[in-house]
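Structures incoming, each one as C-alpha cells.
In the two complexes that follow, chain A is the common piece, with chain B as its partner first and chain C second.
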Partner chain A sequence: MANNLKFESQKLAINYFFVAAVLFGAQLLMGLIAATQFLYPSFLFEIFDFSVARMVHINALVVWMLYAMIGSVYYLLPEETGIETVGIKLGKLAFYILTAAVTVVVLVYILVQVGPASESTIWLINEGREYIEAPRWADIGIVVVVLVFVFNLFATALKGEQTGIVTVLMADVLALAGLYLAGMFFTDNISMDQYWWWWVIHLWVEATWEVFVGCLLSYGLIKIIGARREVVEMWLWIEVSMLFGSGILGLGHHYFWIGTPEYWWEIGALFSALEPVPLVAMFVHVVYDWGKETGLKEGQNEEKMMTNSPAFAWFVTNAFGNFLGAGVWGFFHTLPQVNIYTHGTQFTSAHGHLAFFGAYATILIGMFYMGLQGKNGITKLRATFDSKMAISLITIGVLGMTVSLTIAGYGQVLVERAQMGATWEAYFVSQDFVWFVQGMGWRLATGVLTFIGFIFLIKDLLTTSKNPIHER
Partner chain B sequence: MSKKTVSVWTSIPFWRRSAGWVTGFAAMLLIWLTFDTMGQIAMGTDADLKNGITKRVPGPTVINYKITYEMSDKRGHEVPVIGEKEKFFGRDDWSEEEARELLHLGKLGSQAKNCMNCHTLLGNGAYYAPDLTKAWLDPAWGPNGPYLGMTNSKTKEEAMSKFLQFPSQYPTHERMMPNLGITEKEAMGLVAFLKHMSSIDTNGFPRNFGRMSTDGVTGAIHGK
Partner chain C sequence: MEPILIVRPEIALDDFLPIFLASSFVLIFGLFYVAIYTLVKMEKLKSIYQPFAYVFWVLQTYCMYYVATTIQSNHFTIKALMVTMVCYLILPHLWYYLNQRAEERYEQ
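So, the complex of A and B:
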C-alpha cells in the first residue's frame, strides 16, 4: 500500500493505530461473550469463564487506548515541532517489544487463566487487580517501553519548536507514566491496595487522559477546520486548569467505602461534582470554534475548510459523548448519598461504557482517520457510506448499551440495595428481576449493533486508499 | 512604542500560570490527605484487638473474634463490631504470625484466582457475582442459610472452604462459580481474607446490609 508520510515518526504512528484497531475488535468480541454469559450463564462455563472474558475485555480496552494515544503523539509530534522525532529507531524497537509482550500476556490470560495462590502467579500469569491485571514482568516491560516514549517526546520537543499543545503533552505524559508505578506493589491490606489502585485508574482516566484528549482535540481543530492556534491553545490551558483542578481531588469519590476516613465524602462530592464543568466547556469550545471559523471564512467569501469529515464527526461525537458519559452519567451517582446504593451495580457499568466510549474511543477513532488521511496523501477526506454507517451504528450501539445497563442498574438498586440490603440472596433476586434481565437482553442486542458498526469502520479504513471520492 | 491593552481573559500566559497553580494546589492537597489517610488505614495489631482499640482496618488476628455489623447511633450508619472470642477452623488462638500468613495467602489467592473479575470487593470489581465486602457476615452462610446443609458442614468457615474448593457442586443460582482449582489450604486463606475484610470499617457500605434475609429476621446479622 502507498505511504505518503514523510516522517518516520508518522509511519510508526500508523503501526500503533493498526494494533489499536485490532485490540479494539478483540475488546468488542470479549464484550459480546461476557454479555451473552449474563443471559446464558452456562455459555462456555468452566472453559472460558466470565472472569476471563471480562478481564480481556477491559485490558484490551486500556491497551488499545494506550496504543492509540502513543500513536497519536508520534503522529502529531513532527507536525507540531517541525522535526523528525528524536530517537525514532528506539521508538520502533519499543513498538515491537510492546506488541510481542502484549501478545504473550493475552495468550496467557486466555490459555492459562488462573494460577496457584503464590507470588509466581502475580509475576507470570495475572495480578488479579481490575484493569491492571498485567503480570509483574509485563509491568516492568511496560514501564521501560513508556520511558522510551517519554524520552522521545521530551527530546523532540526540546530540540524542535515547542507549541502549547506539545508543552501540555509533555507534562501530561510524564504524570501518566509516573502514576502507573502506584499500582505495582502487593499488600495484604485491601484498603491500602484499593487506595493506590485508584491513583492509577482514576488519575489516569479522570485527569491525565482527559487532558490528553484536550491536546488531541486542539490539534484536530487546527488541522481539520483551520481553527486559530492562539484561540485553541488558550482554551487548552483553561481546560487543563479545570480538568486537573476538579479531577485530581475528584479521586475522593472512590474513597467513600473502601475503609478510608469520612472526610473523603465531602472532598469527593465537591470535586467530582465539578468534574463535568470542563466537559461542558470542551463541548461548547468545539461547536463554537467550528461555527466561528466557518462564519469568518464565509464572510470573507472563502470556501470553508473541512479537510477530514469523518475525523471531525468523531471529534464532535467526542464532545457530546464525553459530556454525556463522563459528565452526566458520572455525576448522577457520584454523591455519597446516592453512591452508597449505586456503588458496584450496573449503574457503574452503564457510566463506564458511555464514558470510555464518549471520552476516549471517539477521539482515538478520529485520530485513526487523521493517520489514514496522511498515509494516503489525501487533502480532503470525505465521509463515505461506510464511515457514516460506522459512526452511526457504533454510537447508537453504545448509547443503547448504556441505556439498557442504566435500566438494569435501576432495577438492581431498587431490589438488591434499597429493599433487601445487599446480601447474596438480595443480589440473586435482583439478577432475576424482569427489568434487569430485559436490560441485559437489550445490552447484548445493542452490543451486536456496535460490533456491526466496527466492521463498517474497519471496511472504511481498509478501502480508503482506493476510494476515488477523496481529493488528493 | 505605545503599550497595547490586552484583556487578561484572552492571555495565554495568564491561563498557563493558572493551570500550573491549580494543578499544583490540587496535587499538594491530595498528597497531604494521602499521608493522613495512610495512617488511618494502616492495619492494626494483635495488641490493639486485645485492648479494644478500634482500627479502620484491624490486624489479621481479628479472625479470633466474632464480628458483627451494627448500627452506630453516633455515626448514623452500620459499623463492624468486634465481639468476644470465636473459633475459626477450631481455634481462637491464632498467633499474629499465623494469622498474617493466612491473610497473606488469602489476599494472594484472591488475586491469583481473579476474584475481582466476577465479584466486587469493597464494591469494586465486576458485577457478575455478589459483593464480597461483608460476605463473611452474609446470612446465607448462617445457621438458617442454605450453605451449611448443602455442604454438610458444622461451621461457616468449613462451608465456605468446601464451597470454594468445589463451587460448581453447590449451585444456588443458575449463574455458578467455576472450579478454579482452589486447594484446601488456599480456601482456608481465602476464608480468613473474607473474614478480615468484613471487619473493615467501610463507612456504612453496604447500607442496611441484610435488611430482608432468608430467616425473615430484620437485620439478620445484627445482635450477638
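So, the complex of A and C:
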C-alpha cells in the first residue's frame, strides 16, 4: 500500500492508529459480551467471567485512546515543529514493546483470568485498580514507554518551532504522564488509596484529556477549514486555564465519598458545575469561527476550504458529544447531594459511555481520518456511503445506549437507593425492576448497532486508498 | 473522641426526576443563550431575536436556583451559584466586545 508520508514520525503515527482501531474493536466486542451477560447470566458461564469482560472492555477503551493520542501527537508534531521527531528510533522501539506488552496482558486477562490473590497475582495477572488493571510488570513498562514519548515530544519541541499547540501539548503530556504515577502505589487505608487512584482517572479525563482534545481540535480546524492560528491558539490557552481550574477543584465532588472535610462538598459542587463552561466556549468558538471563515470566503467568491469531510464531521460530533456527554450527562448527577444516590448505578455508566465517546472517541476517529488522508496523499477526502453510515450508526448507537442506561439507572436510583436504602437486598430487587431489565435490553440492541457502525468505519478506512471519489 | 455527625440531605422521591430534568436544562438553556447571542453577532439572525437569548438565560438561572434549593444546598453555595450565573450573563458580551475591539485595531 502506498505511503505518501515523508516524516518517519507520521509513519509511526499510522502504526499507533492501526493498533488503536484494533483495540477499539476489542472494546466493543467485550462490551457486547458484558451487555449480554447482564440479561443472560448463564452466557459463557464458567468460561468467560463478567468481571473479565467488563475489565477488558474498560481497559481496551483507555488503552486504545492512549494509543490514538500518542499517534496523534506523532502525526502533528513534524508539521507543527517543522522537523522530524527527535528520538524517532526510540519511539518505534517503544511502540513495538508496548504493543507486545498489551497483547500479553490481554491474553492473560482472557486466558488466565484469576490468580491466587497473592503478590504474584498483582505482578503477573491483575493489579486490581479499576480502569488501570495492568499487572505490575506492565505498569512499570507503560511508565517507561510513556517517558520515551514525553522525551521525544520535548526534545522535538525544543529543537524545532514551538507553536502554541505544541507548547500546550508539552505541559499537558507532562501532567498526563505524571498523574499515572498516582495510581501505581498502594496504601493500607482504602480511603487514602481511592483518593490517589482518583487522581489518575478523574484528572486524566477532566483535565489533561480535555486539554489534549482542545489541541487536536485546534490542529484539525487549521488543517481542515483553514482557521486562523491566532484565534484558535488564543482559545486554547483560555481553555487550558479554565479546564485545569475547574478540573482540579471539581475533583472535590468525589471527595465526600472518602471522608475528606465537608467543605469539599461545596468547592467540588461549585467547580464541577463550572466544568461545562469551557466546553460550551469551545463549541461557540467553533461555530463562530466556521461561520465567519465561510462568510469571508463566500464574500470573496472563493471556494470554502474543506479538505477532509469525514474528519470534520467527527470533529463536529465531538463538539456536540462533549457538551452532551461530559456536560449534560455529567452535571445532572455530579452534585454531591444527588451523587450520593446515583453513584455506581447505571447513571454513572450512561454518563461514562456518552462522555468517553463524545469527548474523546469522536476526535480520535477524526484523527484516524487525518492520518489516512496524509498516508494516501489525498488533497480532498470526501464523505463516502461507508463513512456516513459509520458516523450515523455509531452515534445513534451510543446515544441509544446512553438513554437506555439512564432509564435503567433512574429505576435503580428510585428503588435501590431512595426507597430501599442501598441495602444488599435493594440491589437485587432493582436488578429485576422492569425499567432496569428493559433498559439493559435496549442497551444490548443499540450496542449491536454501534458494532455494525464500527464495521462500516473499518471498511471505509481500509478502502479509502483505492476509492476514486477522493481528490488527489 | 466526639463522634462526627454528618447530616445527609434526604431528597423526596418525587424530586428526583425534576432534579435530573432541571439540571439538564441548566446546560441546555445555557447553550441556547450563547447560541442565539452568537448567531445574532454573526448576523445569521436578526437582532430582534436577541431578547430570546436573555429569556433563555433567565430560564437557565431559574433552573439553577431550583436545583440548588431542591438538593438542599447551603446558602453560601446558592449565592455562589447565582454569582456564577451573572458571570455567565456577562461573559459572551465581554468576549465579543474584546473581539470587536481587537479586530478594529487589527484593521487599522
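Simple rule for what comes next: the second predicted complex is superposed on the first by the 472 of 472 C-alpha atoms of A that agree within 3 Å, B and C clash if a C-alpha of one lies under 4 Å from a C-alpha of the other, contacts with A are read in each partner's own complex, and residues count from 1 in each chain.
The criterion applied here is as follows: a residue touches a chain if its C-beta (ideal position, glycine included) is under 8 Å from a C-beta of that chain, and two chains touch if they have at least 3 such contacts.
Treat the numbers as computed from the prediction; the structure is a model and nothing was measured.
Set side by side, chain B and chain C differ in how many residues of chain A they touch, and the one touching more is B.
By the touch criterion defined above, A:414 reaches chain C but does not reach chain B. Look at A:331: by the touch rule set out above, it reaches chain C but stays clear of chain B.
Of the two partner chains, neither chain B nor chain C is touched by A:81. In the overlay built on the shared chain, the residue A:424 is in contact with chain B alone; chain C does not reach it. In the superposed pair of complexes, A:10 makes contact with neither chain B nor chain C. In the superposition on chain A, A:50 makes contact with chain B only, not with chain C. Looking at the shared chain after the overlay, A:152 reaches neither chain B nor chain C.
Shared-chain residue A:308: touches no atom of chain B or chain C. Of the two partner chains, chain B and chain C are each touched by A:341.
Residues 262, 340-341, 419 of chain A lie in contact with chain B in one complex and with chain C in the other.
Across the complex, chain B is touched by residues 34, 37-38, 41-42, 45-46, 49-52, 54-55, 113-119, 121-122, 125-130, 133, 164, 186-195, 197, 230, 233-234, 237-238, 240-242, 244-245, 248-249, 251, 254-265, 267, 340-341, 343-346, 348-349, 417, 419-428, 431 of chain A.
Across the complex, chain A meets chain C through its residues 262, 266, 269-270, 273-274, 276-277, 280, 283-284, 287-288, 291-292, 295, 323, 327-328, 331-333, 335, 337-338, 340-341, 410, 413-414, 418-419. For chain C in complex with chain A, the touching residues are 6, 8-9, 11, 13, 16-17, 19-20, 23-24, 26-28, 30-31, 34-35, 38, 41-42, 44, 67, 71-74, 76-77, 80-81, 84, 88, 92.
Remark: chain B residues 10-12, 15-16, 18-19, 21-23, 25-27, 29-30, 33-34, 36-38, 40-43, 56-57, 60, 100, 103-118, 120-131, 133-135, 138-140, 168, 172-176, 178-183, 186, 189-190, 193, 197, 200-214, 219-220 touch chain A in the complex.
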